[in-house]
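These notes concern the structure reproduced below.
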Amino acid sequence: MRIDGRKCDQIRPIKITRNYTKYAEGSVLMETGDTKVICTASIEDKVPPFLKGKGEGWITCEYNMLPRATQVRKVRDITKGKIDGRTMEIQRLIGRALRSVVDLKAIGEKTIWIDCDVIQADGGTRTASISGAFVSLVDAVNVLHKRSPFKIYPIRDFVSAISVGIVDNERMLDLCYIEDSRAKVDMNIVMTDSDEIVEIQGTGEQSPFTKEDLRELMILGEKGIKSMVHAQKNSLKMDSLWIGTGGK
Amino acid sequence: MRIDGRKCDQIRPIKITRNYTKYAEGSVLMETGDTKVICTASIEDKVPPFLKGKGEGWITCEYNMLPRATQVRKVRDITKGKIDGRTMEIQRLIGRALRSVVDLKAIGEKTIWIDCDVIQADGGTRTASISGAFVSLVDAVNVLHKRSPFKIYPIRDFVSAISVGIVDNERMLDLCYIEDSRAKVDMNIVMTDSDEIVEIQGTGEQSPFTKEDLRELMILGEKGIKSMVHAQKNSLKMDSLWIGTGGK
Amino acid sequence: MRIDGRKCDQIRPIKITRNYTKYAEGSVLMETGDTKVICTASIEDKVPPFLKGKGEGWITCEYNMLPRATQVRKVRDITKGKIDGRTMEIQRLIGRALRSVVDLKAIGEKTIWIDCDVIQADGGTRTASISGAFVSLVDAVNVLHKRSPFKIYPIRDFVSAISVGIVDNERMLDLCYIEDSRAKVDMNIVMTDSDEIVEIQGTGEQSPFTKEDLRELMILGEKGIKSMVHAQKNSLKMDSLWIGTGGK
Amino acid sequence: MRIDGRKCDQIRPIKITRNYTKYAEGSVLMETGDTKVICTASIEDKVPPFLKGKGEGWITCEYNMLPRATQVRKVRDITKGKIDGRTMEIQRLIGRALRSVVDLKAIGEKTIWIDCDVIQADGGTRTASISGAFVSLVDAVNVLHKRSPFKIYPIRDFVSAISVGIVDNERMLDLCYIEDSRAKVDMNIVMTDSDEIVEIQGTGEQSPFTKEDLRELMILGEKGIKSMVHAQKNSLKMDSLWIGTGGK
Amino acid sequence: MRIDGRKCDQIRPIKITRNYTKYAEGSVLMETGDTKVICTASIEDKVPPFLKGKGEGWITCEYNMLPRATQVRKVRDITKGKIDGRTMEIQRLIGRALRSVVDLKAIGEKTIWIDCDVIQADGGTRTASISGAFVSLVDAVNVLHKRSPFKIYPIRDFVSAISVGIVDNERMLDLCYIEDSRAKVDMNIVMTDSDEIVEIQGTGEQSPFTKEDLRELMILGEKGIKSMVHAQKNSLKMDSLWIGTGGK
Amino acid sequence: MRIDGRKCDQIRPIKITRNYTKYAEGSVLMETGDTKVICTASIEDKVPPFLKGKGEGWITCEYNMLPRATQVRKVRDITKGKIDGRTMEIQRLIGRALRSVVDLKAIGEKTIWIDCDVIQADGGTRTASISGAFVSLVDAVNVLHKRSPFKIYPIRDFVSAISVGIVDNERMLDLCYIEDSRAKVDMNIVMTDSDEIVEIQGTGEQSPFTKEDLRELMILGEKGIKSMVHAQKNSLKMDSLWIGTGGK
């Protein structure tokens, strides 16, 4: 029995609220347990310099925590004058995860800015951000699709993420903050609905882990991914019909 | 008749949700019309260097907007590498407003950090921040009071803020974004429940205004302040009984 | 009787030295009592990005203090790596004040940079900056006018500023540093020669003030503004004849 | 056959030069193929603030590339004013990898600074950095050991790293730059001599990969790790006798 | 005949105004021709960390130009976010020059901050800064001396600086801006009243120069230094009696 | 006899390794005694904004030390957030030195970036950088020459640099670190093969020096320059035949 009464292979309740704020093309409040992230997707009609003139689009992400999303108030990046390493890692990860299921050529010369702002952090903020951001991305892509239908619908698959880890010698799915802070091994898995791996990041800083651990954690992770994709589908319903069809 | 059907002296609906997030000592979602601000108050057991050893407390504020709180996505401060001037003005204003009704000596050597993070901006974000932050401040002060009762209860009065302005030659209360962007004169008023002025900032950049305008805008502002304080009292109820009593 | 022997409604001696340095299109040493500010106006033949192609000009201001303009040496902004909040507020205020009396369309696609560098600070540096910067602005505009006469002369009115406040329960005009540091209420007023308000900023951080205080401080302020505009006119003499005429 | 004639499971030649520079307590030139990294380990007699007084040591890493380590000159971080995200990720990874095999309590209140400066980059700079830094760390720890013998010898195991990936549909070990830039899947593996995983980071940004890919890449990786640890042992010889013994 | 009518070995008129501003312990307006620099010396009762507890004092300098000290407005350092290389070189030079004639042990644990702010730049701002800063330093040291007499009077000698250069194949003393911008060789010389060299910096970027040029420029420079020290003595008069005496 | 057994007018052993790394157009490991600097020259097909469209090229330099090039680890510039003054001075000096012997018009609109990264610092790093960078510059210019022969060969002369100083009252050539840290006078001399001075920078911060010292140090310096140019010629051999010929 875990600290919050869950079984080791049990994910926390997932709640996805679309259209959470009114200006963004996609705007989602993603909740997994007590972790809450506002994910917005914003369309910009230009691409970064390295893509100019190539006819391709881009998806980029910025991740941040409100100062008091955490138990102890965190100093804002702007006060320290630099973005911290953890934040950079996370926003790069989210960007890669989303781009892995999108046909950037199909989008054309546009940038979709994903903003993940954590308003309450109880573990798993980076995986919740990926899963929520995907839903906001679909909404933003559909806004573009309504304005002017894509020849090839750009989203090829669902993508979700979940954390797994080893806590008190137990392999567990979807760690909450207290579990995470005690974990000997911590792994984040990003997978598609077709059961393929987009990213795997496992760290045994406090104690290395075995290949068997890796195999078993992957199995737990897949289970979590399935629940997460299920929640995404429930939330998007008819608005996700185009995904993976390649369009018209 | 205004763009959203209000009368010139009519304030937008106010909604104050306390305990909005779970870690902060005070945490409020402040909504005035479509403007939504998360206001948290966090206690830190030390004071800034200039107060060390003086036995006094401090209240300081940081204000920020989520990038897509606005119609067009705003670049994060950390990306530009510096905090912009408007943000600085606002957070200094909020800090002054709150300190004006608090007995900092009574608080002792503690800092209360106020964070106002705008998640949706439809005009009046700085005044909503002040009004909401006050409620979160009361909650945080009461947390301290419960831990160890103050000899002198530190909050001396309610403080609220509201915007007024001249739009299309009409003097109006509580401008929404569209009105604000067309306003010739823009004024923010911070007042206490005892009908005293804490701060007045009026700007007629696009066209100077008369002393009569100033008088009439003050009258509109007072009306708005009364509604705002009323909403604060309704929200805090029994938790505001100590305010202004000077304690025990 | 005030600390320097003045009456409560008495302004300090004003001295305006034009052509103080030789390169700037407008260059003024502004002195009010012991407060001394070098105000220069520099013409640049382009506008900031947000105005490009709109046929309008822009006026922007930078304000700074020499490190030893004050009693205690102030660390330079560049050493701290960021501009402080007070400086930002002041330079934004000066910019707004000057733009309020200028027809930016009439100027065409030019930027006028106003630099206010305080070499000695004895209270009222921001209001002295506005009053002095206005004179340097007139000189710079006249340089443009001589190069190629404007169809519409861009300066519509004189603008001046003065501080007022409540010190030791007395309402006073034009506070010097010692008064300012003891003031319970501090207000800066920017007005035109036509007796209209451009900006009013009043703060009662240490103790709120009444509406009567506001009324009386406005009356004091108007008196100070009249003296200040008088000094500007004396200094500019024939070079201010075009102001408010709209040109030929 | 690969671009440089290697087989898919073949690592590039490894060359480890100890005592490469004369001041650092540990100083290694690490070469894997044409990738060359200077790894130094420097002892400092204090720990970061979060460890002060806990009796534990710390190991931290900074990674950098000389501007012309790469085909196209890279702008220095200091010119851009900020450290880039990739650099941050890498230096955090190196630090975690080394700490995973060190008993920080045994080291006592000291910081060991690891600096990895890439002078020539032909793929696999982060894994070469880890493998080389480990050797420099052993040298630095032995310097401490000679000064004053540890009760518990702090290094518990060898740690090495290697890259694997999928290029042109082939799974390959130890990618050079040209392979890396064409890889669909890119994975870095950090393992100990006891065949345990310290870190695994696999990314299929351009195309997700299967669980079978993961299994097979792990097998290739283990092979590479064995060669790398072998080279570390050859280089350190008698100086590595203490590793994993727990001391005296 | 030079552009301003001077002979090749003729210095521009020197004017030294002491007590130029009222707060600094030493405050000088230094004018050489149209170059004008405000030099202040400020006393701080502590030393930088590297001197703490050594019983020695420190003298450090900051140099800056007002944005419109020059023909074309210069962007402020704080806007660019970094201090430029030329500024750094100059302020380091000024600090070294002043320290060379001061017995820092005699001063005790105090820092004297020299601020050189150029309000009008017509060539030779760094040498004018050194010469003017020396006078402000003497005034500040005398303030300390009056507060509590030094056992050993800390200033050992006068120090002055002057520029020389080769313009249109003529060797010239004290270049003004137009000469400086056309100079093939540019040299700054810092010397004491005892005819010793403190610093020599000569650059022939656009064309190397001969050893004879060096000899002849040194002779011109010495002539300029003599005039400059003469002006310093005239300005300081009785207040410089202690210099070089070693005190009582 | 000096600390390392040299005579006062004796230079340390010089070793110049060309083609030290594989990507840069010019790449040199420069060693003088225990001082080791990697100097690379990189060609970029554009010029800085101030030269755009003028048909001229540019040479610019960046200088840096690896953190543990020195006895005590130096914090990286990027960690402190700013480049330090000494580094700026040095890289500006290197750039000027190289430009002084190059016909920038002959190069055309290209920038040659010189990077000097010190991997071991035992005194004289700036002069070693100049001497080594010159060799890398010749290699890079010859790469351009092979691609498309210059009408006028751009390198007009050899340029080298050396340090001299007064240590323990002895005038010495080519100071090592221990000598440098004890030197009362420190001078860097940059000269061409034609025996002309490009730059001279002498500092007597701790004690001024006489004109005779200057003369004698110049004589020592010339001796060192001759050895250094000799080493450059030996290293470049046939590849330096074009220098000073002005080309075909």
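Per-chain numbering from 1; labels A, B, C, D, E and F assigned in written order.
Throughout what follows, a residue touches a chain if its C-beta (ideal position, glycine included) is under 8 Å from a C-beta of that chain, and two chains touch if they have at least 3 such contacts.
Owing to the predicted nature of the structure, the values given are computational and were not obtained by experimental measurement.
Using the contact threshold fixed earlier, the set of chains in contact with both chain B and chain C is empty.
Separation of chain B from chain D in touch steps, taking the shortest path, is 2. Touching chain A and chain E at once is no chain at all.
Seen from the C-alpha centroid of chain D, the farthest chain centroid is that of C.
Centroids of chain A and chain D (each the mean of its C-alpha atoms) stand 29 Å apart. If you average the CA atoms of chain C and of chain E, the two centres end up 34 Å from each other.
If you average the Cα atoms of chain A and of chain C, the two centres end up 51 Å apart. Annotation for chain B: residues touching 2 or more other chains are 81-83. Because contacts link each chain to exactly two others and close back on themselves, their graph is best described as a ring. If you walk the ring beginning with chain A and heading to chain B next, you pass the chains as A, B, C, E, F, D. Chain A meets chain B in the complex at residues 21-24, 27, 34, 36, 38, 40, 42, 44, 62, 64, 66-71, 73, 76-79, 81-83, 113, 115, 117, 119-120.
On chain E, the positions that touch chain F within their shared complex are 82-83, 85-86, 88-89, 91-92, 96, 99-101, 157, 191-192, 194-211, 213-214, 218.
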